[in-house]
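Take a look at the structures below.
In the two complexes below, chain A is the common chain; its partner is chain B in one and chain C in the other.
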Partner chain A sequence: MPSAPLLSVEDLVVEYQTPSGPVRAVDAVSFVLERGEVLGLVGESGSGKSTVAQALARILGPPAIITGGRVLFEGNDVLAMTEDELRRFRWRKMSFVLQSAMNALSPVLTIGDQIIDVLVTHERTTTRAARERAAHLLELVGIDPARLASHPHELSGGMRQRVGIALALALDPPLVIMDEPTTALDVVVQHEVLSKIAELKEKLGLSVLFITHDMSIVSQFATRIGVLYAGRLVEMAPTRELFRAPRHPYTKGLLGSFVSIHGPRRRLAGIPGSPPDLRRLPAGCAFRARCAEATDRCATEAPVLRVIAEDHPTACHLVSP
Partner chain B sequence: MRYLLRQLGLYVLAAWASLTLNFIVPRLAPGDPASAMFARYKGQLQPEALAALREAFGFTGGPLHEQYAAYLAHLFRGDLGVSVAYFPAKVTDVLAMGLGWTALLTGSSVVVAFALGSLLGVVAAWRRGSAFDATLPPLLVFLGAFPYFWLAMMLLYGFGFTLDALPLRHAYEDTLAPSLSFAFVASVAEHLLLPATSIVLASVGGWMLSMRSSMIGVLAEDYVTMAHAKGLSPLRIMFHYAARNALLPNVTGFGMALGFVLGGSLLTEIVFSYPGQGYLLVQAVRSQDYPLMQGIFLTITMAVLAANFLVDVLYVWLDPRTRGR
Partner chain C sequence: MSEPDRTPPLLEAQHLGKLYRVGGWLRPKHLRALHDASFTLGHREIVALVGESGSGKSTIARLCVRLEAPTSGRILLDGRDVLREERGRATLAYRRRVQMIFQDPFGSLNPARTIGQHLERPLRLHGKAKTRADLSARVHALLDTVGLVPAPEVAAKYPQELSGGQRQRVAIARALAVEPDLILADEPVSMLDVSIRADILNLMLDLKERRGISFLYITHDLASARYVADRMMVMYAGHIVESGPSDAILQSPQHPYTKLLLSAVPDLEGSFRRELPARSGAPALVDSPPGCPFAARCPDVTDVCRRETPRPVALDEGRVVRCHLYPEPSRTRSE
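Entry: the complex of A and B
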């Protein structure tokens, strides 16, 4: 199916089984990611960004369970794959750069071991050929290949994150999922890693799902942006359109707290109140308690995602009468 | 490397301190405890033996620093005096006999219990919530809750006495002379089985639980999630990524257990009349064999220190983060 989009997610639902009942961390999320696209996924801490990301390759461990929806990769249903099929799919088709460079690499194995094992597992190559390829990958992200013999603790945070990127590129996958790849880094290093990602994206024509809670970062990269609130997608639009004409009050709040790409970087802090407790979601709109524009209708009826402008779905009663 | 050398220096210092304490403490007691102690041996020991003993412990009557020098000199020559209980055998010879058997019994049991317990813990954590995980840990903890000598006695009664399948006592058949013959080795193994099993049964649950809990912590780490995402095989993720990291906190406990190996498993050795350190210690106390007791305590101290050093070496080997220090 050459016409199928690279990734298509339909009504994905993920629940965490907790002693006090299931917590719906991802609720009916749908989106499409085309080849060559960088899709940004933004939202506050706890909005379900990482849960969505990990559900895509089914690497969520217990207590998380995918209870509904479909994940189609190049037209193949990931949720229907057997364990063997999944193992072959992972990393070859979809790789990850995780939030904390600190913990994404095992502290007791060398950098080389951790790049080489994925090469040897997926491509029937010799260890020697894999080592050469690993050295080449490190060069690609600007790290001395001699570092293959180093352990993660011997590298700085920025270097570790670049190793993470090299690792993600090891099998030349069509899609790389970057889950807050720069959050744990200080501003200067953050910038350095981001330009590396931008450079590689151009060079290799990557497709990326870029997760962050920093609007200024995502605006530099993403072709489209999805906004997640309490496990639901509340708005999605091409980056320009979203910045020019945000429709959802939450998105407006996010953008209001963001000054400009060239101004100082700021975290999402401009919206009063805190995200709702997923175990006790209120009736109606989950954002209501923090929404300045809420009406009576918002208390009783949950807004559904509707396409209100071209390629611009939004879930808010204000815009979908 | 510098870290290991520094640790080694520390242990040598600790060893010296314990030797010195050993020298000072009897001299701090009011009166003349040494004479009182030796007086007890009068009649049991010949005057020459008594003199040799005094010599070995530095009770020479000279000034303190001379006594200390004499004490250390004897110690370094490996002269711990003669045993009273096993007169006229030298303490070192008596110890050598017990040490071998204890190292065999307790050493092999500790190693087997740790390896088995850790493996079970890894699997239980990996299959958290499965039938395996729900039944085995409680069962083993239940077994471990019994006093270990009670387990020993039940095994002895069941397999040794009622079924008559395994020998009741000693380390080998009395009719055999120690040699490397097949018959002797087989007899040693046969005699080892019951006491070793009782120690393993009593301690495997603890190892399993601690490995299980550190493994559960590690399984939530990002690098394990990463390993899954990389499409590696479950076995590789379980052992190479998870268990290797989960093992680290348990190495300390293992080292401690190894250190106390030479103390023997007192009651197990008594139940099975196993001629190890624990058994010797009881003999020593019974016959107020002060030189032998001191020899035993000395070996235990040294073993604990050596085991600590072994843990340090193991850590450097297992955890690269310790190497730079």
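Entry: the complex of A and C
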């Protein structure tokens, strides 16, 4: 049997039901994540990046509804799974680290009890074996196993976030979805958490879907990057290629918005205007109002994602192969 | 001192300290939020105050705008000791000179008032407009200055009708209403989308160039600090550990903490494979031990670091570092 990709998202559509009608937060997003790959999904507020993560986890609740598309994990339809199937699927096949993971720990249980709880609930294992595994997991994320006896409030934010990563790795899932896992952390701690994730990817062959607003974070260890704007994937390319030859005007603008601590000081351009209101999306290209190169066609016809270079699809009328 | 300049700096802080009492009434403890902070802010100058959470950078801003009084030290505005001359809260005269903008452009505006009303209030309070027509002309001019056009249309809107970047522009326009000499900007872009941060940073640069306004730019982001600031001060655990021209600090950081911070900054070119010179860890601010606050994490720590708090040492190019690795040359150790 030909092996299916690890994760395949096909034309995913998520809508929020509002009194004034449905608002499309994720609009026909498609991508494939192969084994051993770190895929970065980058976007600003309203780009739909967190909604994608929550849809994949199937933790979206009303008013958000998945109204279209398929999510296939090793060929199995995640969106069609029953609650029972989901329980067996989550943690074991696909786990999650969210921005608030460090606040998701129970304040009354020790770190050890919480990890052991996950292990015992999901696997036939003895408490003793689970304790050993929990100690190993803490070591894996660079925390002294003696901390198993600590309560969350005794750990720093960075350590709690790493406990969140340890929990996500508890059942050895092939795929971890991380949504802004370091945004609330100071830079030194952020560096430690990110280098730990990069190391685990090497060591365990882990696949990661890494969702962030900060391009500079994924640039260092994502194999490919997808750029989301107003709920749509506008460009996707191998990391180096994206930085070397961005095609979509939004990607170019985003890359030009970063200040560096090295090199010559140049005037930052940024992108004029601000991300559109999803409730009042204009016809045509959603980026048009902020785009310096927009033409008449951009006002009437929404561009679709087309492969314009090898492994480099872009949704823009202005770029051609 | 290298400069024989007689005009005093716009604002000067001398040995500012701030202690907070925490814990119980019977066994009070002291949280040292700020220790012996001395610095100057010149006219037409942007100085960045860089540090991680809990480093004391917002405390400096709150003291300088006089939302709180320091436990020790002096604040001089144009060479005049403002804390001695006007005890208690900042007077209108002080607020006319020194304004502050905050991180959260959502929380600092009243949803029940139009943008125009937000800007009219300081203009009236400070007697900047005599007539109704004068007032609305001033409001429109302010909105023009911060690039919110067409001004009459924007003035009629409510905060919730604007985007985050636009709201932060309103906050800046409101600070500009009194024509201040100094604006303390506490993380003004950290809640904004990356693509619109440049706008606010460029606006600060323009206001400095064209209006001669000075900024104290408070941030955790070294890259944006370098972009806007002529000079920067790096804070750790309530201490200004290093200060000097921005480029000099980033090209050759001297303090071990600055070196750590710089090597941790994510960069489009960098790699996470590199090892950091020190680990993360939170300093003890409550009843803190003697010595350098960074001693517990410092790769270059020596015995003296655990005994004595280092004093500021002046290097060349206007740089100052607070670290025992840099001996105090002209000082005889008698104390």
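The rule is simple: the second predicted complex is superposed on the first by the 302 of 321 C-alpha atoms of A that agree within 3 Å, B and C clash if a C-alpha of one lies under 4 Å from a C-alpha of the other, contacts with A are read in each partner's own complex, and residues count from 1 in each chain.
Throughout what follows, contacts are C-beta pairs under 8 Å (C-beta built on N, C-alpha and C of every residue); 3 or more make two chains touch, one makes a residue touch a chain.
In this text, all values refer to a predicted model and were calculated from it rather than measured experimentally.
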| item | value |
| --- | --- |
| Fit or clash - chain C, chain B, common chain A | fit |
| Residues of chain A touched, compared between chain B and chain C (which is higher) | C |
| First, second, both or neither for A:V23, with chain B first and chain C second | neither |
| First, second, both or neither for A:F243, with chain B first and chain C second | second |
| Partner chain in contact with A:V118 - chain B first, chain C second, else both or neither | first |
| First (chain B), second (chain C), both or neither touched by A:H153 | first |
| Touched partner set for A:S219, first chain B, second chain C, both or neither | second |
| Which of chain B and chain C A:F96 touches, first, second, both or neither | first |
| First (chain B), second (chain C), both or neither touched by A:I271 | second |
| Touched partner set for A:L200, first chain B, second chain C, both or neither | neither |
| Per-pair minimum CA distance [chain C against chain B, superposed on A] in Å | 8 |
| Contacting residues of chain C [partner chain A, same complex] | 52-53, 163-166, 193-199, 201-202, 220, 222-224, 226-227, 250, 260-273, 276, 278-282 |
| Chain A residues touching chain B - in the complex, by the definition given at the top | 54, 57, 59, 61-62, 86-92, 95-96, 98-100, 103-110, 117-118, 121-122, 151, 153-154 |
| Complex contacts: residues of chain B adjacent to chain A | 128-129, 219-223, 225-233, 236, 240-241, 244-245, 248, 318-321, 324 |
| Of chain A, residues touching chain C in the complex | 44-45, 156, 158, 186-192, 194-195, 198, 213-217, 219-221, 243, 253-255, 257-262, 265, 267-272, 274-275 |
